[in-house]
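What follows is chain A paired twice: with chain B in the first complex and chain C in the second.
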Partner chain A sequence: MTMAIQDLRRRFDAFWFAGESRANLVVTRVLLAGTALWVVLSRYRLPSIVAFPPEMWNLVSFARRVRFGYFLDVNAEYVLFVLLHLTLIAAIFGLAPRLSCILSALLLVHFAPLETILWTPNPYLRGLTIPALGLFVFGVAGGRERRRWPLVLTQLFFAQIYFFAGYSKLFTGGFGWVTASNIRGYLLMLNQFLEFPRTQIGYALAPYPLVCAGMAWAGIVFDLLFPIVLFKPSTRRFMLPLALLFHIANAVVFHVVFQDTVLLLMFVNWEPLAARVRGWTPAAWRRPVGEAS
Partner chain B sequence: MAGLAAIRFAPTPDSRRRFIVLLTAYVIVTHLIIGVTQKDAWPITNYCLMHGRADLRHAELYRYGFFGVDKDGREWRIDPYAWHSMSDWHLQLWFYIHFAKLSPPDQQQALGWLYGLAEEQRAQLARGDPSISWLGPVSAPQWWMFPRELAVPPEPYRALRVYKDTWFPATIIFDRKPVTRKPVGEWRAR
Partner chain C sequence: MNGFPSLQHLAATYPWLRATAETLRLGAFLGFVFLGLRMVWKQVRSQDAQRATTQFIVYAIAVTCAVGFTQIEAWPFSNWALIHHISQPQMLDWIVEGTDATGKAYRIDKRFMEPMPYEDFDTWFKTGFFRIGRTEEEAKLCYLVRRPSTPGQERVARFLIARAEIARQRFIRGQSPGRNGTIVGPFAAPYHFDRPTLWRTVSDVPSTPFVGLRIWQIEWGVEERYRDESSVKRRLLFDYRS
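Now for the complex of A and B:
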């Protein structure tokens, strides 16, 4: 029994607290902050939503305003928005990493819901959720952390997107979700709702039950199996390209864009590339052995 | 934040490690509870997407259409990126749930505001600039990829009209019956 507990503890420590390459930690922080910066630069008028007339904010409860801190006027919101850009840039370049990551995360939690706030405070698949959570974790870890827990925890957040997307389909739709008629319905309804022309590939695929059933099964199996990349790194060789294909297919067929696709790169081991870059760097530029970073 | 402070100011490496384990366990357990029960507490969320069943036989779809009206009375569909970073789909949901409950003056207030945003974007599109942000063509698109509506009149809109289109997907596909279009509101420029 004691041996089993010790073995479990050893595995737990190896999974969460083994040493991690500095390159992998830095690349993940850059990916998180870079993705968030891309999205907020693309939504550069988010703060102006607080200036929408009160009639349009009627559905936003007082509790919700308190939770996300919507009390300032639009000018103050723009100042905070500029601050968010600065903290994200600082996080990308590793300047005061603890402070810049935590401030970025808090400001992202403040601004991200604005895109959907008139109806719901949940902007969950619009590109800022994983950066907000991940940057908070990296802020907690600080710039000197050399163990893998911040990276693994962020990867876990990301893997949950797929797993719970699959789970929610079965939870809500039951096994009837995994049928040709359901996917056919989605293909036709989404193309009609978004008002795409009849030439779209979704319309072309809808009449084929085998294709629709294949899409249903492939999608749900992929969603539920994705977390395997956390525990079996060798599976990343095919799961990551599959994930990329999955998102391209979703964009083309269902017209859904996943802004966090680039975060798949945090599952790549960047250490070999970093070692090669270090080899190319002139010796005088390298940090002396033992010097704190 | 308490977890952060505990980790930051932990007196020994062992206690720091213990606080990290506690924070990690809290985050994982919370995510599991939210995920399994399918409740929502963003930023910890359930990630449900296209999770209901799309039943073609019984489903009725609707879409709110926003149109600018030019001086000749011609209607131009407003681009889904006109709403200052507000998601077009969520604006439609707001109309679906809330608009009819507002008093007529409040409805005019909301429509007037949207007219201002639509007119602001019309002027930009009329100048030949279809960018949705300073990033130009590499801007992040909205989650639902509504097709862009880039055709605009050269002169300001005289009014904003909102319609609700309702249809049964199956009848559109098989019987080619048209959608039912109902006016929801109009705001005229003064």
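Now for the complex of A and C:
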């Protein structure tokens, strides 16, 4: 028993605490902060939602306000929102990385639910969930961490998107979800509900049961298998292009857009490129071996 | 497989249970923050942080998997459920129109609520608007029969008319009706659900200000509408003029 536990611990440590290239850690931090900055710059009036008429907040309980800290007036919220932009810029450039990443993450957790808070406190799939979790992980890890665990933990959060998206379909809809009629229903319903014209590809695909069944099975199998990229890096060669194709297809056929698609790049090994860049850099610019970053 | 959603149903029934659930969700996040900061504290004091790091990782895996497998959200730990129900054969939706001084109605472009995504405004609108100033039982009747508006609903209607009017003026000036692109222009992050724009030319908006708001409920069978685009039933639910 003790041997088994020791073996488990050894495997755990080998998986999480192996060394990691500084380039991969830096690129992931930049991707997380950059994605978050892109989304918040695109919603630059997000704090104005706290000033919506109080009647529009009628479904938001006091406990929910406490959970996300919605007590400040709109001007104070704008000050915090500006601070969020500054901390994200600092995180991108690696300025005080621990403080900037932790503050960015906490402010993202405060602001992200504003998009949906009137009816749900779960603003997932709106672009800020993985940056919030990932930046907190990178923040507590600190700028000097050279082991892989912050990167792998963030990758795990990201892989869970696919896995639990697949799992939730079976959990809620059962195997009835993986049928041609269900996908046909979604193709028609989403195009009708979102008011797209009849020229859309979704309408063109709906009459073909084999195509609909193929989409259902391909989607759910891909979702459930995606976490393999964590354990078998060689699978990234085909899983990452498939993921890109998956998101393009979702956007074109179902009109579902995934703002975090660029975060797939955190599964790429950037070290060869970084080594090449280091080779081009004049020797005087390079950091001496052993100097802390 | 559907056992856990009934727990969510139970939580929705009892207000004290809802408050407890919110507290537990906050606790799950605070646990994550506490374990992370404890690790930082040990690093700063030059203590061995390996054990604290392991605990942080294990906690993060445990809580995200618990949320995922139970499908009970505790954001920022999410259940990641998307388009997970069986598609519905019957659909209900609301159409929002603004009216000008002559009473002529125009569809309001979905970008008028930016930065709030239209789908999130729309979901609140359909579930929360008729509850303003009414009990849940009274609110249910509003979906069936037109009823006089409450003062709170009128305040919200005036707010929405004002936003629609700002959007109209921006559109007439040649700008986007919404403001998401003000800083990043056409590179603004899209919303989760892509939607076609309703306002394309100046004829899509009135030349004079919006002064009223109408809500229509539309209902259709998905297959029927696929065969015949016009097979949609409309019912006026709300008509307000400021």
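Side notes on the structure shown:
Everything that follows uses one rule, which is that the second predicted complex is superposed on the first by the 285 of 293 C-alpha atoms of A that agree within 3 Å, B and C clash if a C-alpha of one lies under 4 Å from a C-alpha of the other, contacts with A are read in each partner's own complex, and residues count from 1 in each chain.
One rule holds for everything that comes next: a contact is a pair of C-beta atoms (placed from the backbone, for glycine too) under 8 Å apart; a residue touches a chain by one contact, two chains touch by 3 or more.
None of the values given here were measured: they were computed from a predicted structure.
Applying the stated contact rule after C-alpha superposition, one finds that A:233 touches neither chain B nor chain C. In the superposed model, A:109 makes contact with both chain B and chain C. By the document's definition of touching, both partners, chain B and chain C, reach A:156.
After overlaying the two complexes on the shared chain, residue contacts for A:241 are found with neither chain B nor chain C. Once the two complexes are laid over each other on the shared chain, residue contacts for A:64 go to chain C alone; chain B is not touched. When the two complexes are overlaid on their common chain A, residue A:126 makes contact with chain B and with chain C alike.
When the two complexes are superposed on chain A, the residues of chain A that touch both chain B and chain C are 16-17, 38-39, 41-46, 48-49, 52-53, 55-56, 58-59, 98, 102, 109, 112-113, 115-116, 118-127, 129, 132-133, 137, 139-140, 142, 149, 153, 156-157, 160-161, 163-165, 167-169, 171-173, 176-177, 182-186, 188-189, 192-196, 251, 254-257, 259.
Residues of chain C that touch chain A in their complex: 1-2, 4-5, 15, 18-19, 22-23, 25-26, 29, 32-33, 36-37, 39-40, 43, 50, 53-54, 56-57, 60-61, 64-65, 68-69, 71, 73, 75-89, 91, 93, 114-117, 120-121, 123-124, 127-128, 131-133, 152-153, 155-156, 159, 179-184, 187-196, 198, 220, 222-223, 225-226, 229. Listed in rising order, the residues of chain A touching chain B in the complex are 16-17, 38-39, 41-46, 48-49, 52-53, 55-56, 58-59, 98, 102, 109, 112-116, 118-127, 129, 132-133, 137, 139-140, 142, 149, 153, 156-157, 160-161, 163-165, 167-169, 171-173, 176-177, 181-186, 188-189, 192-196, 251, 254-257, 259. Against chain A, in their complex, chain B makes its touches with residues 3-4, 7-8, 17, 20-21, 23-24, 27-28, 31, 35-36, 38, 40, 42-56, 59, 61, 63, 84-87, 90-91, 93-94, 97-98, 102, 106-107, 109-110, 113, 132-135, 139-147, 167, 169, 172-173. Across the complex, chain A meets chain C through its residues 12, 16-17, 38-39, 41-46, 48-49, 52-53, 55-56, 58-59, 61-64, 66-67, 98, 102, 106, 109, 112-113, 115-116, 118-127, 129, 132-133, 136-137, 139-140, 142, 149, 153, 156-157, 160-161, 163-165, 167-174, 176-177, 182-186, 188-189, 192-198, 203, 206, 251, 254-259.
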